[in-house]
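Labels run A, B and C following the written order; every chain starts at residue 1.
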């Protein structure tokens, strides 16, 4: 191998390494930030469902805090009396992740056992919204 | 050309290539996410106008869905009875782009012909908001 | 030094330079975008406080415009009659920065002298929200 060939090969490897990040990041990751009450939850979940229909490879995480957690409590119903559990379970089956803020549980005195099994409890909803963007490459959307 | 000179030139070219992305990306691109009704549209468009005054090179795209599309329908008027068409046309003339969600048109049974000519119809408003951020380098703003 | 050694050293330096940006950016920077009235300001500031508790190294800048500036005016009180100055001063002491939109001051005919000393006046709130994201590496959160 000549030295020019060596240099050329090394550059190629370097350029591949540099571009690999963007090549890998083809699937869009989106954090849906939900902190409004149960009356707007059905619309927010409808947005998530439409999003997945338009972009089936999107990775969506719904982070909730404040009144936004209510649709993720056992037995929660929308304004038409339908339980949220069916829609939440359906979206979870499609890969959507749900997060509930522990600060909210504590300040509102809600037992963690009331949170549906599809949702994961995180220490702070707002810190999670920021972390997903800053550290995990998520983009933001407030429905 | 000596081999050192060759290496030096190649490095320079590589570094220029690497920095080119950021050099090009000096103009700020912003997606305005509008999904609230016509009563808040005038304020949102006022934000866009003020934004352009403060940063004339900003590239702004207004993505609408749900009740947010209403100001982009033919004949839409604000709470004072003024048509939106003048302001929308003015902003479009300054390079602002407008998008209307087709899912919303279908679910609300609105004919695509009612959308003003300055706006482009996209399959899904929420997917477009995410795509612009993840793939086109836009930052997010919800007015 | 052999030429191979030279190439190797130069590559190492280049790779270190390339990775340095991400190494430095470990602290999360978040812009809180506040444009709703004083009745929601206490909740927004509660979010900021909880955020810092969960992530004490987070750098938080609260950018306000429209009705969002009201809690940063001298003597502003929440719905329970408590002055905001204590909480704002406390958060400022923890490194939180506050920004008030000059366009709002002008359009609402509010004297700049009424803005509390912890807040800095910027020409345009929306342009500042975009600039912090596009140029300073902030992520977005609307409380």
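Observations on the model:
Note that a residue touches a chain if its C-beta (ideal position, glycine included) is under 8 Å from a C-beta of that chain, and two chains touch if they have at least 3 such contacts.
Note that the structure is a prediction, hence the values are computed from the model and not measured.
In the Cα superposition of chain A onto chain B, the rotation angle, rounded to steps of 5, is 120 degrees. At the interface between chain A and chain C, under half of the residue numbers appear on both sides, which makes the contact a different-residue one.
Our note on geometry: chain A versus chain C, Cα centroid distance of 23 Å, whole angstroms. Residues of chain B found to touch two or more other chains are 3, 7, 14, 18, 140, 142.
Only residues 3, 6-7, 10, 14, 18, 33, 35, 65-66, 103, 123-124, 126-127, 129-131, 133-135, 140, 142 of chain A touch chain C when the two sit together in their complex.
Contact residues on chain A toward chain B in their complex (touch as defined above): 3-4, 7, 11, 14-15, 18, 25, 28-30, 43, 47-48, 50-51, 53-55, 58, 139-143.
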